[in-house]
Structures are given as structure tokens and as C-alpha cells.
Amino acid sequence: MDLATLLGLIGALSAIGSSILLGGNAGAFVNLPSIVIVLGGTVAVTLMRFPLSHMLGAFGIALKAFVHKAERPSELVEQSMNLANIARKEGVLGLEEVEIDNAFLRRGIQFVVDGQDPELVERMLSKEIDLTIERNDEGIGIFRAIADAAPAMGMIGTLIGLVQMMSNMSDPKAIGPAMAVALLTTLYGAVLANAVALPIAEKLSHRNTEEKNNRSMILESIRAIQEGMNPRVMEELLKTYVFEKGRERTENKDEAA
Amino acid sequence: MDLATLLGLIGALSAIGSSILLGGNAGAFVNLPSIVIVLGGTVAVTLMRFPLSHMLGAFGIALKAFVHKAERPSELVEQSMNLANIARKEGVLGLEEVEIDNAFLRRGIQFVVDGQDPELVERMLSKEIDLTIERNDEGIGIFRAIADAAPAMGMIGTLIGLVQMMSNMSDPKAIGPAMAVALLTTLYGAVLANAVALPIAEKLSHRNTEEKNNRSMILESIRAIQEGMNPRVMEELLKTYVFEKGRERTENKDEAA
Amino acid sequence: MDLATLLGLIGALSAIGSSILLGGNAGAFVNLPSIVIVLGGTVAVTLMRFPLSHMLGAFGIALKAFVHKAERPSELVEQSMNLANIARKEGVLGLEEVEIDNAFLRRGIQFVVDGQDPELVERMLSKEIDLTIERNDEGIGIFRAIADAAPAMGMIGTLIGLVQMMSNMSDPKAIGPAMAVALLTTLYGAVLANAVALPIAEKLSHRNTEEKNNRSMILESIRAIQEGMNPRVMEELLKTYVFEKGRERTENKDEAA
Amino acid sequence: MDLATLLGLIGALSAIGSSILLGGNAGAFVNLPSIVIVLGGTVAVTLMRFPLSHMLGAFGIALKAFVHKAERPSELVEQSMNLANIARKEGVLGLEEVEIDNAFLRRGIQFVVDGQDPELVERMLSKEIDLTIERNDEGIGIFRAIADAAPAMGMIGTLIGLVQMMSNMSDPKAIGPAMAVALLTTLYGAVLANAVALPIAEKLSHRNTEEKNNRSMILESIRAIQEGMNPRVMEELLKTYVFEKGRERTENKDEAA
Amino acid sequence: MDLATLLGLIGALSAIGSSILLGGNAGAFVNLPSIVIVLGGTVAVTLMRFPLSHMLGAFGIALKAFVHKAERPSELVEQSMNLANIARKEGVLGLEEVEIDNAFLRRGIQFVVDGQDPELVERMLSKEIDLTIERNDEGIGIFRAIADAAPAMGMIGTLIGLVQMMSNMSDPKAIGPAMAVALLTTLYGAVLANAVALPIAEKLSHRNTEEKNNRSMILESIRAIQEGMNPRVMEELLKTYVFEKGRERTENKDEAA
């Protein structure tokens, strides 16, 4: 669980909600046609931008912003060192029996066991990292598209409301409430973009960078195992990828081991 | 057919249209001079930006956003593996007889059959990928230019309307309707940009990325065939380009074969 | 002649002009002090940004957007193939007599005739391409600077007008016309930027990309002639640079030859 | 201490504060619900964007903008030259005893003492530089996110205030004060973004560039020590990294030495 | 002297000033608290962004936009050719006596005289070019920061003025003048950013590119002298860096020589 996303979402909506409730007259903030044009229009415009299959996957991707699964670099270092030690003692074929959770590490180790050419292994794994990051970026792009489209649809809704109001201003008393309704779509668009879509896109982008760094480290490990690099040197190399606080902890474990 | 583009366009225009109709007085939203300045001005400004020949091709390019033709990576992998197997059994000359739909793959295989130097083949095909992507980007640029120009022309129209209204405010009752008309161009510009031109540009850009990845994979296949790479290794390499869901399906087929 | 630029400019100004004329009272749109602050201010601010010599060349550069001179890639391919055939039959010294229109191709062929080191030739010509593109980009930058400065000066003019109007509101009837005048500078700035400067910058940028591609192809030809590459292979290589419609035509010519 | 940050912050808040106090009626600028929506909303939205652990470290990172610790390049050059001289006289093992403050330099020297492969040392240290810069950028990103979110929350607050005011305009006298309150959130958001978050992000980004340059210089020193480069040449090389004013001073010291 | 900067600044301020004077009532445009918040706030916020030492150097940097010192590429070519001829006739040691104005060229020639390794010389000079450009960019960054901060402080000032005005609207006659004052800060911010800071930043950025190209050419000369390149070839190479008009003149001089 990535509590920060959930807490942040609840916090943002509470701040906005309490501000509405404190002013009394909360009913003035709910208007069905305004919801239709902002939500419906945003979904429709985003649908135009992406293939249908991507849109259907969007909820699943959004969930990833709330449920965190990225492995800790320090654990991956430990696991890689285990594999390196096994490869050193039993030869690379000894790696065949080991159960590996991380799919990317598993695929790489399989190449090592199969005795693939090191250069080719590196090319395949690098390419896979690039393409995975690119695919994730596309998923993230859906939320950036929503964050783009929502304020635009909000503005369109407000313009429609203003034109309606102004082309018929016989009753001066109706101007205020009509303008309030016209502004609602801008408000909806701003909330949808800034308090929902954009932060989710940013969180996912953050996760993507983490995954990229983890995979780069795994690629480094696989290269090291294939070269039969000295374990102490390899550990030194992998620790580069671990943030300093975590690094010290790993060091302590090493000493304990 | 890429239904998402069509459904999205219909959805966006419906959301906007229903919002107008619900307010009654839909006639207030149609104003010929406003249409002339936004549509005419946008087309004219876009014409200035691009060579005439590109503008004439714009409708054809826009159609590509609605009609999807990109081949599935998994099918291209299959086809490439077939070619590799033929080359392995009958030599590269055996490839001469094979019918190949994909023009880029066909061109590459022709080079292989002609016995061109591998390095030169790679250079030519890489260059062709780069230039094709660049040309497609230019086509996409027309829709980005429309999305830029439409709101600008909308703002110009609104400013003209406001100046006209303000320089002659003898009748206070006429102010409202005059302002409504002035706002119409901004509304038209916002709809044209955000609900039509921008999403089409984004969809086309998406297709362009897909095509680039497909062509990179084809280039990889041709290199592998020319090197006489082991088919299992080549398949492993090509599968990197296939999205995971599709990859599993390809694997099942492999097992069935 | 690049008619698209001229037609587009006329079209954009007509759309704006007709919108003004239809509203009657066209005189309200002409205000000398407003013209001074927007035009004068924009020129002055652009002058600050660029060296004087660049500014003086700006009109010449703008003309390039209206008068098109870029050679067609297919003609350059043909010319390069001729040169390659001469070099093949008579040796590179045979190239000395040939008249070459394109200055960049002429310079490159001169290097070949002089027997310069191929690596050095490539370095010099690549560097020249980079620096030419950079210089053109600076010229284009003037129009982007105008497109930046004009709306800013327009806004400054409007703010001045509003302050003048508001600091002296004794006559309510004068407010409307005063505000109309204040808005004029914003209108002028928007028209100058969006209907003149920005499209010219974009068209020039387009031409620059064309020239870069042409020169890259010429560089490729010169390299091929110097290497004594097989003409069929060289043609295959150069055709990569020709857009597909043009490519087919070139092929037909080849067959006819 | 980086006094500029503190002085600047005090100066900016004084300028804003005095402007408020001069207008009298400073109480009109304090409104609790407005503070809740801007501050609370901004924190919540930023929390959504980043992992919780990053947010907790944000205050520590902000402090770095006020308290300056980057070592001066000229001192690092001096220290590196000392190490090079020791290595020259006593061999690299003589470096083991030297106390080194800079953690990155210490780590690199340790590699040299351990007799690691130079290419590997370079790869590890380069990677560490890249990852450190990337991590710092993430920390800076929190302040950029605040600078993004604050004006957005300010606008949302103002829209809520305007809708409340307009949907209930029975008392014309209340309109002014209600609008004043509605504008407060936009004011808070603009101050938080432009006078606090953005300048802190920029200062930190500045420090990050300094650190990157320092570390690049250290990497260059370690490479030179490992290669056993001539000290005069090495000094010449390192001085490239020192800004000219500082460079002259170093030169004087050299002459004095 | 770079007259364009001075003429442009005078022109821009005249256009703005005359627009103010023509409207009469110029006194309405001077308001001390407004000047304090925009000027003071902008300086303070910029101070936060940069180290104190950079701020103190800002005036010196700004002067560079008015006083032009960049050497003409054609003169540098001539000087480099002289040095090459001396090196050819008297050996590189003959260069020791030559007086060289350009500090970068002098440093490079010193390396040649000292018999440094060519690869190292290239690395040092390239690094120096990169770091000099980076430092200049930082100096330019101060003016970009001012251009960012000034409109923001202007908006903050206007918001403060609007809140003050609206929270106390007892006297309808005071509304106009109060709003005029409120708008002044936005006007000041727009003028400071668009007519002063941004054009200076752009001019400096222009100079920086010129210096980078000059230094790249000097690096090329030094490499050529060290390699003992044929003078005619070297001249051909260096002329690539000279803009075409200047190039012809250099050629004439060559012929005259």
C-alpha cells in the first residue's frame, strides 16, 4: 500500500469539501449538466487520444498509484548477491533451481543459464527496460491527458453558460445564480485535473523511475554474474544503486553475515 | 477501424451539444461571422505554416486517426520467424519467392536477398525509420498547428466583438447579447482545438510510436536473418518487442507448434 | 514561390478584416498611439534581443517564407547519381568540369576533386550543416521573438489604457469607448503574433528541416562517391531520403533510363 | 550559511507585508478557511505525488537551501593535489592513512587503495554521480510540485468563493467583501508558489549543479591518481573546473608553495 | 558597443512612455508602494534563487549585453592561420614568443608549446568550453529569474490592491482610482519582465552561443596545429565556422596575401 496517495487524495478532497460546506449552501455546487460536460467530455476526449485497449486498462494503472509494489533496491542487491554466490559455487547451471520472484531478474538469469551470448543478453534486457518504461509512460499519459482535457472542458462549459446567460439577461436577479452555475464547470475541471489526475500521473511517473533504476541494477547484476565478477567488487558496484540510508543498513547485514 | 477515435469524437460533441440544448435557446450558439473568423482564420494561419502539399494531405492523415492499420507486433514476430526458418532451410535466396505484406519488411528482405552489406542495410533501414517518423510528425504537426491557431483566432474574434460592443454602448440592453456573440469565437476556438484537433494529433502521435517500434523490430529481424542467428535466440530477442499479454499468447503458439 | 504563405496571410487578414467590417464602425479599430506602442515596442524589444546586423537581415529572411527555393530531393538524387557515374567513368578528376548549382554539393565535390581525406571531408561538411542550421534558426528566432513580444506589448498597452480610464471615471459614458481603445493594443498584439510572426517562423523552420535533410543526403552522396560505392547500392541509399510518392517517380525514370 | 536565501525570503515577505500594512485593514488578509484550502490542499496534493518517505524529508531538504555546505572547487583541487603527491611519493597504499572529509572522494580513494580496475572505478563513480543528482532532483521536485499545486488550489478556492457569492447575491453590500475573501486564496497560492516554493527549488537546483561539477572534478582526480598522471598536468586539468577568479588565487598559492 | 541593446531599450521605454504621456495624467502611473512591492519583491525572490556572489555580479553581466566584445570569427581564423604558419616554419616552440589576445587561444597554444598529449589537450579545452558556457548560462539565469519573478510580484500586488479595495467599497467613487492603483503593479511587472529583463537575457544568450562557436573553432585550430595539418586544409576547415558573407571577405584577403 502506498498510503501517501490515498491520504493525499482524502486530504485534498476534504480541504475542498470543508471549504464548500463552511460557506453553507453546498447544494449550489452540484449541477448535473455541468458534471456531464466535464466528466463526459473529458472521458470522450481522452478516448480519442488513446486506443480503446489502453483506456480499459487505465483503472488498473491508477490502482498502481495507490498500491505500491516496487521492490526495495537493498533487497534486490541481497538477492543478486545470493545468486552470484550460488553461480560461483555451483556454476551458472546451479541457478536453474533457484526460485526468483522478480520477473525481470528471472528472465535474465534464464538467459545466463541458457548460456546466451553476454552482449546479446545485455541488448535484449536493455531493450526490454526501454520498452517497459515506454509502455508505462503511455499508461501515465492517460492521466496527463485527463489533466489536460478536464480544464479545457471546464472552460468550454463555462463559456456555454456565459453565452446562455448573456443572450438572455431580462431578469437581473437571475444573473448571479446563472453565473455561479457557469463557473461550476471550471471548478470541476480544476479539481479533476489538479487534485486527482495530475497527482496520480506524477506518482506513477515516480514509480516508473524506481522500476527503471531497479531494472538497471538487475541488468548490472546479471552482467556481473555472467562475467564471474569478484563478489566483493560486485557488491560495491550494486550498492551504488542503493540510497545512502539503505546502504548503511545493507553494510551492517554484510558484516553480520 | 479505431473505434475509440470516432466514439470519443461523438461523445465529446454530444456532451457539448447536450449542454447547449439543455439551456434552451440553441440558436444563440450559431453565428456565421464567428464561424468565418475562427474556421477561416485557423485554416489560413495553418496554411501559412505548412507547404500547400502538406495541407492537401491533412484530411488523409486525419483519416488515419479513425482507421487503424498498424500491424500487431506479435504477427510481425511470427512472420519474421517464418522468414528466418525459410532462410535457414533454403538459404536467403529462398526468401525471394515469399510474399510479404509489410512494405518495410519487404524492402529489408530484398536487401538480404540482394546480398547487400549488413552494415549498409542497417544504415539504410535506420535512416528510413528516422525519416518516416519525421515525415509523420510533420503531418501530425498540422493538427497541432490547428490546435494552436484556433484558440488564438477565437481570442482575436472575441476582442473584435468586445471593441465593437464597447465603442457603442448607447443601448444597455444590447450589451448582454453583444457580449454573448463576442464570446462565441472563444468557444468555437476552444472546441475546435480541444475536442477535435488536439486529440487527433495525439492519436496520430500514438500510431507513429507504434509504427516506430514495429519497424525497429523488423530491423532487428532482418539483422538476425542476415547474421543467421539461432531461431530460438532470435525469437527470444523479438519477443522483447511484444507487450506481455501478447507475449504469453505467442509463447503458447510456440508450444503448440 | 510558396503560394501557401501568401494565400494564408491574405486569408487570415481577410477573415479578421471582414469580421471588423461586418460589425460596422471600422474606424473604432484604428488608433495611432496603440499602433505606436505595439509595433514600436515590439520592434524595440526585438532589437534588444538580437544584434543589429540580424535585425537588418530579418526582412530578407521573412521573404524566404514567401519565395520557396529548396531543391527537390529527387532532383538532388538524380544529380548525385550523374556525378557518381562521371566519377566512375572518368575518375574523380572528371568531376572538376561539371557545373553544379547547389553550393553545398559544389563545395563537397571540390573536396573530392582535391583528394581530401574522407574523414576530414565528412567532419567539415557535417560541421557546416550544423552551423548553417544554427544560423537559420537564429534568423527564425527573430520572428519567434516578435511573436513573444507583440502580445506582451499589447498587454502593457491595455494596462496603460485601463489605468488611464480608471483613474478618471467622472464621465460614465466615456468608460465604454475608453475600454474599447484599451483593448485595441491586445488585439493588435494578438494579430501580429498569431497571424503574422508565428506562422512565418513556423514556415521558415519547415524550410530549415528540408534543407537539413537535403544536405544530409548530399553528404551521403559525397561519401559514396569518395568510397567509389556501387551505383545501384548508392541509389538505393539515396532514395531513402526521397518521400515515397517522389520515390516511385524516380524509379520510373530509372527504368526509362 | 547561505544568507541570500534567508535575506531574500525576509525581503520578499517584507515587501508583500508592507504593501498590505500600508493599505490599512490588514485583518482583511487573514481568513482561516482560505488558509486551510490553500495550505492543506497543497500539502495533500503534494503528498499524492510523492512517496511518504520523501515528504518527511522535505523540510530537511528545504533547510539545505538556507544552510550552504558545498565545498569550494579550489579547495577540492588543493586536496586532490595533496593526495596525488602522496600517491606519487608513497604509492597508492600511502593514501590509506589520509583523512578525507568529502565522502565521495573518500569512497573513490578507497577504490584506488583496493586496487580496483580503473574502468570499473570510473563506471561506479559515474553511476553514483548520476544517481545522486537524480535523487536530489526528486527532493527538489517536491518544491516544484508545491509551486504547481499552490496556485491551482488558490484558483479552486477562489472559484468556490465566487460560486458561493454569486448563488446568493441578495445583499449588494456583501458582494465586495465576499469577493475580497474569494480572492484571498489566489493571493495565498501566488505567494506560497512564487515567494517560497519556487525560489527554494531553484536554489536547491543550483546547489545540485555545483555538487555535480565538484563530483565530476573528483572523478577526474581519482582517474588521474590511478593513471599516475604528471602532477603539473593533473593540476592544469583540475583547474578547468575552477571559476576564473578562484583560479587565479589557486595559481598564486601554487607559486607561493 | 552593441548599440542594438541600448537603442532597443530606449525605444521600448519611449513607446511605453509616450503612450502614458499622450493620455495625460502621467502622475497616475507613479505609485511608491507599488514600486516597492514589484522591484523589492523581484530582487528579494531572485536573491533567494541564486548565491549572493552571483547577484553581485549581475550588473556586470547585464553590461555585457550593452557592450559587445566577442571577437569576429574571421579575425580568429586569420590569427589561427598565422600561428599555424609560425608553427610550421619554426616548430611549435616558435609559438612561445607570439602575443595572443584571446585568453582561450593563449591557454591552448601554451599546452601545445608545453608538448602536452593532444588527447588530453582536447579533453581539457572541451571541458573548459562546457564549463564556461554553463557559468555564463547561470549569469543569464538571473535575468530569466527576474523576468519570471516580476510578473508574479506584479500579480501579487494587484491581488493585494483588489482585496483592499473590495473589502471596503463604501465610496463608489473611490473604486476606479483604487483599481487603477491595483493594476499598476501588474503593469510594472510586465514592463520590467518584457522590456528589460527578458531581452537582456536573450541578448546575453546570443553572445554565449557566439562565444561557444568561437571557442569550438579555436579548439579545432589547436588540434590542427598540434597535428601539423596542411595549412590549406586547415583554412578550409576553419572557414566552415565563418558566416558566408564574412567568408568571402576572408577569401579575398587570402588571395591578396
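Which chain is which? They are A, B, C, D and E, in the order written, and residues in each are numbered from 1.
Methods note: a residue touches a chain if its C-beta (ideal position, glycine included) is under 8 Å from a C-beta of that chain, and two chains touch if they have at least 3 such contacts.
The structure presented is a predicted model; accordingly, all values stated were derived computationally and were not measured.
Least step count on the touch graph, chain C to chain E: 1. The two sequence copies chain A and chain B touch through a face in which the numbers common to both fall below half of the numbers used overall.
Overlaying chain D onto chain E using CA atoms gives a rotation of 70 degrees, to the nearest 5.
Centroids of chain B and chain D (each the mean of its C-alpha atoms) stand 40 Å apart. Circular chain order, beginning with chain D and continuing to chain E, reads D, E, C, B, A (contacts as defined at the top). Taken in their complex, chain B has these residues touching chain A: 2-5, 7-12, 14-16, 18-20, 22-25, 28-29, 65, 68, 176-177, 179-180, 183-184, 186-187, 190-191, 193-195, 198-200, 202-203, 206, 209, 213, 233, 236-237, 240-241, 243. Interface residues of chain B, counted against chain C in their complex, comprise 33, 36-37, 40-41, 43-52, 55, 111, 116-117, 120, 123-124, 127-128, 131, 134-135, 138, 145, 148-149, 152-153, 155-157, 159-169.
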